[in-house]
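Structure first, then comments.
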Amino acid sequence: MKRLLELNNITKSFTGTKALSNVSFNLKQGEIHALLGENGAGKSTLIKIITGIHQPDEGEMILNGVEKVKFNTTNDSYDHGIAAIYQDASVFENLSIAENIFMGHQRVNKITRNIKWKDLYSRAEELIESLEVKIKPTTLVKNLSIAEKQLVEIVKALSANAKILIMDEPTSSLTKEEIDHLFKIAKKLKSEGTGIIFISHRLEEVFEIADRVTVIRDGQFIGTENVTDIDTNKLVQMMVGRSIDNFYPKSEVEIKEPILAVEGLCRKGEFNNVSFQVHEGEILGMSGLIGAGRTEIACAIYGITRPEGGKILFNGKEISINHPAEALEAGIAYLSESRGEFGLVLPLDIMANITIPVLKETVKAGFIRKNIEKKMTREYVELLDIRCSGMGQKVESLSGGNQQKVAIAKILIARAKVIILDEPTKGIDVGTKAAVHELVNELAKAGKAIILISSEIPELIGMSDRILVIHEGKIVRDLERKNFTQERILSAALGELDS
Amino acid sequence: MPSIKNIPEVLTKTIKQREFAVLLVNIILIIIVGIRNPVFFTLENWKDLLMYGSILVFISIGQMMTMVTGGIDLSVGSILAFAGMSVGIIMRENPSFHPLLLTFFGVLIGLGCGLFNGLLIGKGKIPPLIATLATLSIFRGMVVLVSRSRWIVYGDITPGFKLIARGNTLGINNLMFAALIIAVLSYYFLNHTMTGREIYAYGDNKLAAKFVGISRMRIEFIVYMISGVLAGLGGVLWVSRVNTAQASTAVGYEMQTVAACVIGGVSIYGGVGSVIGVMLGALLFSIILNALELIGIVDFWKMSIQGLVILLAVIFDAIIAHRTKEQIRKQRRTFDAESNS
Amino acid sequence: MPNPIAENKMIDSKNKTSFFMRWEFILIVLLVLILAFIAILTPDIFTLRNLLDATITFTEKSILALPMALLIISGVIDISVASISAMAGVLMGVFFKSGVDLGTAVVLGLLVGVAAGFFNGVVITKLKIPSIVVTLATMLIYRGVGYILLGDNAVRNLPESFGVLGGAYGNLFIPIQAIIFFVFTVIFGIILQLSSFGRKIYIIGNNEHAALYSGLHVDRIRIILTTVTGFVAALSGILLTSRIGSARPDIANGNEMMVITIVLLGGVSIYGGKGTIPGVFLSCLILGYIHYGLVLLRIQEQVIRIATGGLLIIALLIPTVVEKIRSLRKIQYE
Amino acid sequence: MDKKIGILLILVLIAGVGLLFAGGAGEAEGGAEAEGYTLAWVPKGLGHPYFDSCYDGAKEAAAEYGDEIFEVGPDDWSVEGQISVVESLIDQKVDCIGIAANDMDALAPVCKKAMEAGIPVVGWDAAVAPDARVTFVNQASFEGLGRGMAQAMAELVDYEGQIGILSATPQAPNQRKWLAWVKEEYTDPKYKDMEIVDVVYGDDMSEKSYDKALGLMKAYPDLKGILGLSAVATPAAAAAVTDKGMIGKVLVTGMGIPSTMKNYVLEGSCPKFLLWNTIDLGYVATSIMHKVCEGEFEGNLGDEIKLGRATLGEPDSVYEVIEGEDGDTIVLLGPPMAFDESNIEKWAAIF
């Protein structure tokens, strides 16, 4: 089969730090090639070199086995039929779907140079339909759900009728059905001879869809395998350099008193009549599709938004929480799913980030005492073994996994009794993932009540004592551990109740 | 997804609501003032009003473009004065020059200033607010330097030059004609050319813009250039309208243009803004000034009242925006419980 | 996964930290050069007494630059300060005229500033309107109040004792204004650099969402800052009034631009989250003495105006250039 | 590439700023001489033809006495600006300061400070408080000019109809005094058919004054005349009248500078206006500054001084310190002088 793309001994460094060294990679026509590696392994950098956002310091890029190419802008790669879907949907909120799809590539009238709107919208219409989705191309993107924005991204890529399609964690914020849909599309394209580079942290997805898989670690090329020749453990080994025998070590903890209870919690358009209890030592899983209302419920409990009905009981006493500060005061902590936006202050150092919730404890006579702060921080840096050059290192220069650890440390330092973890392992590498799971168990052992929100059903099944399934803002299932099955949870999440 | 279906209506509605609101306020104001003082309705008055408004309109349009990219151009007032003063001097030295030639000079000077801003912001990566804050003083200083503290007075203005502002084209006063032309052109440019759309895209999401290969530098050069050119042209028309140019010409005018934009619903976060909105905003602003004149409101109240209007405009916007968000949220899904209750 | 922005940030931050290490240093060098400049060109004038006296001419702006720095670092800007100064000055005068004794009048004037700043803060935070737009509006409103009250008059013949405040003819060795300025610098320096409140300011300025999710009262802190700014603005207005011995609505015109210039030249990032009080303090002196020096050289005001603008631009270009040089070097190393 | 341009930009800026320094310094050199006194000439602000023509007179006198004179003033016409200018003049230890105060009281403290530092202060055009100056050269008695303008207006509209008044900045002391005298004059019964309908302020800015004048004509359709109380207001009003084609219907008078008023006088929108001889004002004030430095003149009531040349006010070129209207001591330049088509051409050429 013909080679669409060949990268030979690519090296790239940013201000001293080598992001890639001698990485080679190739993509055949009509194949789906998975690109795996822990966070900061260099996957995105490789992708950005292929799309022309970055230029390699060394190494060569060969198209169709013959043409040596060098891309200086994304337009160059676009013109060579390379299109990419980025994980963080990069869309223009205030522009229409159609404009988002064709921005920078609108067809214009030869003489008057004005954009051919009719043509634009009709082409957009076709493309959207080809995905069997129903959205008006004139809709402003800011009115779409995250998933729909992802789809816009995909359509954008298709519009290039690309020979090479790069999917950088396209599934990280899609629901199961949307993922299946996406895979259908991917396979369709594949059958038409398109080569697809597929990046994901969900190994099962890799096995489901990829033909070959290439692993890079710390900017080094580790190897390329046929998916049929390897299994999960082998793959994990390649990624982390060590094997992880047990992904989800569930340790039995005796469940004590109920500590937090919500009764008939409502908020128009988000969730309705939500009631549940969580006990000390319990890990309460929360499943459901993106946008089902899981995060909204958490935010309402944590005081980001105001519930419009129902009540929250803490240790049996009704409490009203109007601000996260009050939640923390009461003993409820929340880890947001997007750490960059809501979790961390990237430009500040680790110390400053971790101590935010307990700043007053670092203060003596009005001044922050660095030594106290250091002591408090070190404890958690060691506990979570955050890999850093020191407590003064800026968080933005940490790897994704370590950033997440810092975010978690911030939750722990608040000494909350109830901890809400929203997608704590989203987009972090397998190694850290295991560490996080370990930690969650530890917390449960220590008698904390934990609400674990996750889109990864295996994770929920592995970790939880009980699982609530949310669908369209309502709790549709409350499963005991003994009744956990992928199918039950999924069908409930999709709203197909088999009662 | 059931969610999306009903949202576009909601949104278009609110968008209308804003422009509509400005329009409404305009009308109400016109009526009130008209009742208080019939002179308001005289053709004379409207001519003055619009002549004042015209310059504000197209300079505000330039301002809008910079704001759409998420920037701002505080130096328009100084550029206007600089261009006006320079052209005045050129005219004083060579009264024989054709008005159009002089206008061309004005535009050229504006272009130069705009390019300088563009260079600082596009190349030098200086935040627009500060860059233009600095050039505001620089260009203002240049005004006095070139004038060598001799003003351009009525006597220096050639009859031909006076006609720039007072003459008519197709029966419409030149100022308004210019404003209209510029408005139409900008509308076309912003809504029907790739560059125009790229300006919105860039202001909307700079990262995404980078991904689709929109050049940051190009966009910023373009908008500050346009803003400069329009300010330069404005300077010429201004001098031709008031027949004088001095050190303090158009001091603080940038605030008026920003005000017109804000009232017209331009988002200072970038990405949002329409020519029509800005025109209405500028009109509203001119009407207020004119009205205060006519109703004989004591001079000293004017400043506060202007400020109040701007404040009300933005508060109104904020409330509308908040409402929309709530509406969209509440319509994301409906629960049986609610539907039967 | 780090997106390109994040990666660039990484590079920036690396430069910036090491760069900001040197930023204050650059300012010091600049200051020394300027003083040397004055000393050489006008040796007979270069006395400590004169230099201290000179501070009088820029204290009002300088003390205002301190809270403004905090405000901008927290991600808010207030361009209505000059108007608040004028309003406070006028109201103080009006109160005094209406028979209130001077002390009370001053206090009332300060309270007016507090109220004005508080109003700014509430509108900005509670209605979530960009601060620059809000204060653009209140700038006109507040400035107008002075004119509404005094119209074409000014409150004249305030008691001479009051004039001492402004240091205009207080015969102390160090003008009261200078003392106030230095004291304020120390206070604000401690607050921003050492206190937990200061830390919170940096956190909010860098990522207000994260701050909120970590339980910081973002709105409250910002309101406090605008209020403090209002207070200092009022104080600055009263000092000015005292210096010119009459309360008038047209004072402090355009000061907001000058103050912002000081703050930014001091190394504060207009995007919030970055900047230090020492930096701002230095840039106060730099701009103050540049102006003083050029006036001594009998250079026309407009030229000085241009020079100041040029200086600001140069200051702002330095980071860009430094960064470029660095990144180029780096690549060569590889 | 980028870097190159960045650096280039900086170089350009530095060069530019540098040049401007040079330029500025150059200007400052004006009229410098070895011996003689150093006189500081402080107008209300920079960039105004009126004050420029005053400075011309000042330079003439300085040259005559071999003194060095230089002009410094606030470019924003603000009280604060003027104060810091004087502050720096004190530090520079100039020999004498001649100032046209933006505010009588606001400038007093710093002028006192100057006097204490041994630097005499001579007021001209607009006074500082009496205790903060040696003397004040009054261009024309406020009463004389105020009543004069009132009469001129009355003659133009022959004693009947509505008139509007266009003044400068609200605070300006001169305008307020003139306005007072104008109103005083109109209390006389012979003006019973005349009515001052409104007083508006153009902040001494041409376009604002121009818009105000339009506003007056709009708000009062029966308006007969506009009285301009400043050298900016009058031409602006005249321009408005001319542009509105109201020549003859609305008549403008007041005070103005011949060169800026010429066309209006000839067109008839402003047939007549008043002013003093600004060059003489500068000349006299500077001469007095010199004498003060010499110690020949303390500004006591009745003191007399002889100037180098005859002036409009004093053909025999001898001036005497007289009692001013506010009981202060002043030197009066002389009566206001009227300009109309008979003499406009001649004077427009001069200033």
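Here the chain labels run A, B, C and D in written order, and each chain numbers its own residues starting at 1.
Methods note: a residue touches a chain if its C-beta (ideal position, glycine included) is under 8 Å from a C-beta of that chain, and two chains touch if they have at least 3 such contacts.
This is a predicted model, so every value here is computed, not measured.
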Chain-touch separation of subunit A and subunit D, in steps, is 2
Contact tally winner between B-D and C-D is C-D
Note, CA centroid farthest from subunit A's centroid sits on chain D
So, in whole Å, the Cα centroid of subunit C is separated from that of subunit D by 35
Subunit A and subunit C have mean C-alpha positions lying a whole-number Å distance apart equal to 43
Rounded to the nearest Å, the gap separating the Cα centres of subunit B and subunit C is 29
For subunit C, residue numbers touching 2 or more other chains are 3-4, 147, 151-152, 300, 302-303, 305-306, 310, 313, 317, 320
Residues of subunit B that touch at least two other chains are 120, 124, 141, 144-145, 207, 210, 299-300
In subunit D, the residues touching two or more other chains are 2, 6, 9, 20, 23, 46-47, 75, 170, 201
The chain pairs that touch are A-B, A-C, B-C, B-D, C-D
Listed in rising order, subunit C residues that touch subunit A in their complex are 1-4, 6-7, 9-11, 13-14, 17, 190, 194-196, 199-200, 202-203, 206-207, 209-217, 273-274, 326-327, 330-331, 333-334
Within the complex, subunit C is touched by subunit A residues 13-16, 39-40, 43-44, 48, 53-54, 57, 86-88, 168-169, 302, 304, 323-325, 327-329, 334, 336, 340-348, 352, 356-357, 359-360, 362-363, 366-368, 394, 396-397, 400, 410, 414, 427
Subunit C residues touching subunit D in their complex are 42, 44-45, 50, 53-54, 56-57, 147, 151-154, 156-157, 163, 166, 168-169, 240, 243-246, 248, 250-254, 291-292, 294-307, 310-311, 313-314, 317, 320-321, 324-325, 328
In the complex, the residues of subunit C that touch subunit B are 3-5, 123, 127-130, 132-134, 136-145, 147-148, 151-152, 257, 260-261, 264, 270-271, 300, 302-303, 305-306, 308-310, 312-313, 316-317, 320
As the complex stands, subunit B meets subunit C at residues 120, 124-127, 129-131, 133-138, 140-145, 207, 210, 255, 258-259, 262, 268-269, 298-308, 310-311, 314-315, 317-319, 322
